[in-house]
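Consider the two complexes below, in which chain A is the common component and chain B and chain C are the respective partners.
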Partner chain A sequence: MSKTLFEKIWDSHIVVEENGRSLLYVDRHLVHEVTSPQAFDGLRLNGRTVRRTDLTFATMDHNVPTSDRSLPIIDQTSSTQIKALERNCKEFGITLFDIHSPNQGIVHVIGPELGITLPGTTIVCGDSHTSTHGAFGALAFGIGTSDVEHVLATQCIMMEKPKTFEININGKRKNPHAVTAKDIILSIIRKIGTSGGTGTVIEYRGETISELTMEQRMTICNMSIEAGARAGLIAPDEKTYQYLQGRKYAPKNYDEYVSLWRETLKTDSGARFDKSFTLSAENIAPQVSWGTNPAMTTDVTGVVPFPDEYGKGNSEEEKGAEKALQYMNLKAGMAITDITIDRVFIGSCTNSRLEDLMEAAKVVKGKKVSSRVRAMVVPGSQLVKKNAEEIGLDKIFKDAGFEWRESGCSMCLGMNPDILASGERCASTSNRNFEGRQGTGGRTHLVSPVMAAAAAIHGHFVDVRELDLN
Partner chain B sequence: MQPFHKIKSIATPLDKVNVDTDQIVPKQFLKLIQRTGFGQYLFYDWRFEKGTPRKDFVLNDPAYKNSKILLARDNFGCGSSREHAVWALDDYGFKVIISTSFADIFYNNCFKNGILPIQVSDETLQKLFSTKSEIEVDLEGQSIIVDNVPILFHIEPYRKKILLEGLDDIAVTLLHEDKIVIYERSHKI
Partner chain C sequence: MKGSVIKYERDNIDTDVILPGPYLKIHDYAELATHAMEGLDKDFHKRVKPGDFIVAGRNFGCGSSREHAPIALSYSGIKAVLALSFARIFYRNAVDGAFLLPIEIDEGAYKDISDTDLLEVDISTNEIKNLTKNKIYKMKPFPELIGKIIEAGGLFNYKP
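Entry: the complex of A and B
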């Protein structure tokens, strides 16, 4: 019988099926400091151990400072959480990339970078953006702390089988440097809504997806959760295999695995999806979010919508848009390019990889950050930072007036000192524009790295298709 | 986990769509390393202004003091996987959340903590939003009783069992230890 890629990975990981649910084996478990302490406490309380320490990897990313790492952490509660992870990893025997490790970074950046993420595997992490790893054809789920404890103790997760959802993206983008993977995924979420993917695993397909680099595919899969999906998937191809080859934790008999993956990891022709959506990439414009969820997004050439127009007859959505405009302090009808900004954040598990920084640097090179803007670049990992510095990106950003920081989640969620002040408006390459996400009262506009860089220079959003990015 | 019993209480109407877990418990409170004590931070940025309760937020309305049932709009609990959101609802005293839809991770997290999320139709939710009387939730009978009229709801049988019996699902999974071992022997990656 024809099967989707999702069904193949799902079926090959079933340990037991009962009560309409499946006990799935977990191949890789990624752990970070914020959602794990209570899970380790639970193990201790019940006298349980970590079943597969060899399949469990930890790092600290959510609340680590991005300033000088030789200085002590001033925030006592952050420090407590970081120390708890160190203590827990030591006690239970888990590999930890700590704050001083050359492999430290955002958990979803280092997984692929270290070859922990592999095609056809199941991956879980106590973080909703675990969907990122789907870019490699891995079935990757974000889970809560109770499930983190469950996976630590059993190496399995109990789940109901999600539905399948294919999103086809075809056509060539007219200017792929200006219309990025971020713009594609924001366009999708804008159309299907923040609950459009609820209960499903999305497989992104089509020629536009095939043409994307691995880093761009990660940006797409990363934001699957913003459409409510359980996971996002892209079938692996030669780009995937090449990306992972020689990575630290990639299997030693790599070629044998690649042969197997080539054979099996694709949706069979004739396989059926429960749901389908198609988008042409040809006419996608650079996107800017204007509201307080990622579906509240429009073209950079557009205007802030009127709530009734946004709600399309749904009074709850209309009320939501009204509240969003109030929170964002924006007037309906105003041009997106007239929105002035105070801060720029280039970083997060969505857009903090080398290619993101290279693209942003093209805009920034030889220019100065607007006098009204404070801008920062937070590389996704120590390795991204090192590689960027080797090709001089740090100098380009610093010369323009950007802050060049150490790696971590940083201002994506503001658990460390990198936060917006109340009322500040930020062009951010992150994934959530929720109220208060980047700091209480802060206002977030989700954009691509190129758009964020251009906003830093001009002090407002601009149509980046008009810039020379080649 | 404590077994779930019948709940009878006034229901707190939270009239907003797409309520994300960042609103349920803002990030500045995620640094605690225990599961308890999060109730005081529930909906913090909506509930308080500079530490003072905001009169215009429903949780600060004395009519809903001691409410155990939260009425919510579509796509409740979207965004971050933080279980702290469920711990905060639980610690505050909510044992039942009723909405037209929930985000997946949040929905799953509820069952791990003895909270019952109930999905209902638009029409039922409208009815619940408009009642001023107490609502009774009977999980065993799968019904919401409002003004003496029962409204039946669906729940997956295994999830119902977990709540009614207060099962430790790790212990349940470990009953399959032999099958996990067999799977591990043949599965290499």
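Entry: the complex of A and C
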């Protein structure tokens, strides 16, 4: 019988299955400081151990300061949480990339970077953006702390089988440096909505996806959760195998694995999906979110929508848009390019990899950040930071007036000192524009790294298709 | 279960407003509860009483995987959230830790139930009685696995 890629990975990981309930084996478990402390406490309380310490990897990313790491952490509660992870990893025998490790970084950046993320595997992490790893053809789920404890103790997860959803993206983008993977995924969420993927695992397919680099594919899969999907998947190909080759934790007999992956990890022709959506990439414009969820997004050439137009007769949607405009302090009908910006954040598990920084640097090189803007770059990992510095990106950003910081989740979720003040407006390469996400009263506009960089220079949004990015 | 309604006529109530990021460093559940819903309703913790229900629109609990969100609601006294739909991770977190019941209701019930209405929820019959309005609504039955985890009192007590 023809099977989808999702079904193949799912079926090969079933430990027990009955009446649609499945106990799945977990190949890799990534752990961070915020969603794990209660799970470790639970293990301790019940006298349990970690079943597969060799398949469990930890780092601290959510609340770590992105300032000088040789200094002590001022926030005592952050410090306590970071120390708890150190203690827990030591006690239970788990590999930890601590705050001083050259491999520290956002968990979804370091997984692939270290070759922990592999095609055909199941991956879980107590973080919703675990969907990122799907870019490698891994079935990767975000879970909560109770499930983290369950996986630590049993290396298994109890789930109901999700439905399948194919999203086909075809056509060539006219300017792939200006219209990025971020614009593709924002366009998709804008069309299918924040619950368009609920209950499904999305497989992204089509020629546009094949053309994307691995880092761009990660941006796509990363935001699957913003459409409500359980996971996002892209079938692995030669780019995937090349990316992972020689990585620290990639298997030693790598060629044998690649042969197996080549043979098995694709959706069979004739396999059926429960749901389907198709998008042409040809006419996608750079995207800017104007509201308080990622579906409230429009073209940079567009205007802030009128709530009744946005709602299209749905009174809940209309009310939602009204509340969003009020929170965002925007007037309907105003041009997106007239929105002025106070802050710029280039970072997060969505857009903080080397390519993101290289693309943003093209916009920034030789220019100055607008006097009204405070702008920061937070590389996704220490390795990204090091590689960027080796090619001089830090200098380009710093010369322009950007802050060049240490790696972590930072201003994406406002758990560390990098937050917006109330009323501040930020062009952000992160994934959520929820109310207060980047700081109480803060206003977030989701954009690509090139769009964020251009907003930093100009002090307002600009259509990056008009810039020379080649 | 009997309790009164705190209604938010909104879709997409996300975990960042249910329990804002800065409080994810708090480990004491009672203290977490004092910040529940703070991103949306600063007076929630003053208003909520043990046994209360939240009624909300579509995609409740979207966003982050933080279990702190259902924990904060649970320790505030919320016994169940009645919504048009839920985001998956929040839904599982609520059930796995036995923090609260995520109950799906239909448009009719959602529109009919008002703030401060007194409800009686019976998950054995999938019935919601509105004692204030003297009406009965049907809730969507829990999927089999979810029903069994709820019955067991959480994931760790569940024996397949």
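In the analysis below, the second predicted complex is superposed on the first by the 469 of 470 C-alpha atoms of A that agree within 3 Å, B and C clash if a C-alpha of one lies under 4 Å from a C-alpha of the other, contacts with A are read in each partner's own complex, and residues count from 1 in each chain.
Please note the rule applied: a contact is a pair of C-beta atoms (placed from the backbone, for glycine too) under 8 Å apart; a residue touches a chain by one contact, two chains touch by 3 or more.
The structure displayed is predicted, hence computed values, not measured ones.
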(request) Kindly say whether there is room for both chain B and chain C on chain A in the superposition, answering fit or clash. (result) clash
(message) Going by the contact rule set out at the top, does A:Ser128 touch chain B (first), chain C (second), both, or neither?
(response) both
(message) Per the contact definition in the header, classify A:Lys163: touching chain B only (first), chain C only (second), both, or neither.
(response) neither
(message) Contact-wise, after the overlay, does A:Val16 reach chain B, chain C, both or neither (first, second, both, neither)?
(response) both
(request) Could you tell me if A:Glu316 is touching chain B, chain C, both of them or neither one (first, second, both, neither)? (result) both
(message) Applying the document's definition of touch, where does A:His177 land relative to chain B and chain C: first, second, both, or neither?
(response) neither
(request) Please indicate which partner A:Tyr25 is in contact with in the superposed arrangement: first for chain B, second for chain C, both, or neither. (result) first
(message) I'd like to check the shared interface: which positions of chain A are touched by both chain B and chain C across the two complexes?
(response) 16, 19-21, 23, 34-35, 37-38, 46, 62-63, 75, 77-78, 80-81, 126-128, 142-147, 149-150, 158, 160, 194-195, 198-199, 228, 230, 293, 316-317, 319-320, 323, 413-415, 432, 434-437, 440
(request) Within their complex, state which residues of chain B touch chain A. (result) 15-18, 20, 22-23, 26-28, 30-35, 45, 73-75, 78-84, 86, 101, 103-105, 108-109, 112-113, 156-158, 161, 168-170, 173-174, 176, 179-180, 183-184, 187, 189
(message) For a test of understanding, state which residues of chain C touch chain A in their complex under the given definition.
(response) 9-12, 14, 16-17, 20-22, 24-27, 39-40, 57-59, 62-67, 85, 87-89, 92-93, 96-97, 143-146, 149, 154-156, 158, 160
(message) Can you tell me which positions in chain A touch chain B when the two form their complex?
(response) 13, 15-16, 19-21, 23, 25, 27, 34-35, 37-38, 41, 46, 48, 62-63, 75, 77-78, 80-81, 84, 118, 120-121, 126-128, 142-147, 149-150, 153-156, 158, 160, 162, 194-195, 198-199, 225, 228, 230, 251, 257, 293, 316-317, 319-320, 323, 413-415, 432, 434-437, 440
(message) Help me check something: in the complex, which residues belonging to chain A touch chain C?
(response) 16, 18-21, 23, 34-35, 37-38, 42, 46, 62-63, 75, 77-78, 80-81, 126-128, 130, 142-147, 149-150, 158-160, 194-195, 198-199, 228, 230, 293, 316-317, 319-320, 323, 413-415, 419, 432, 434-437, 440
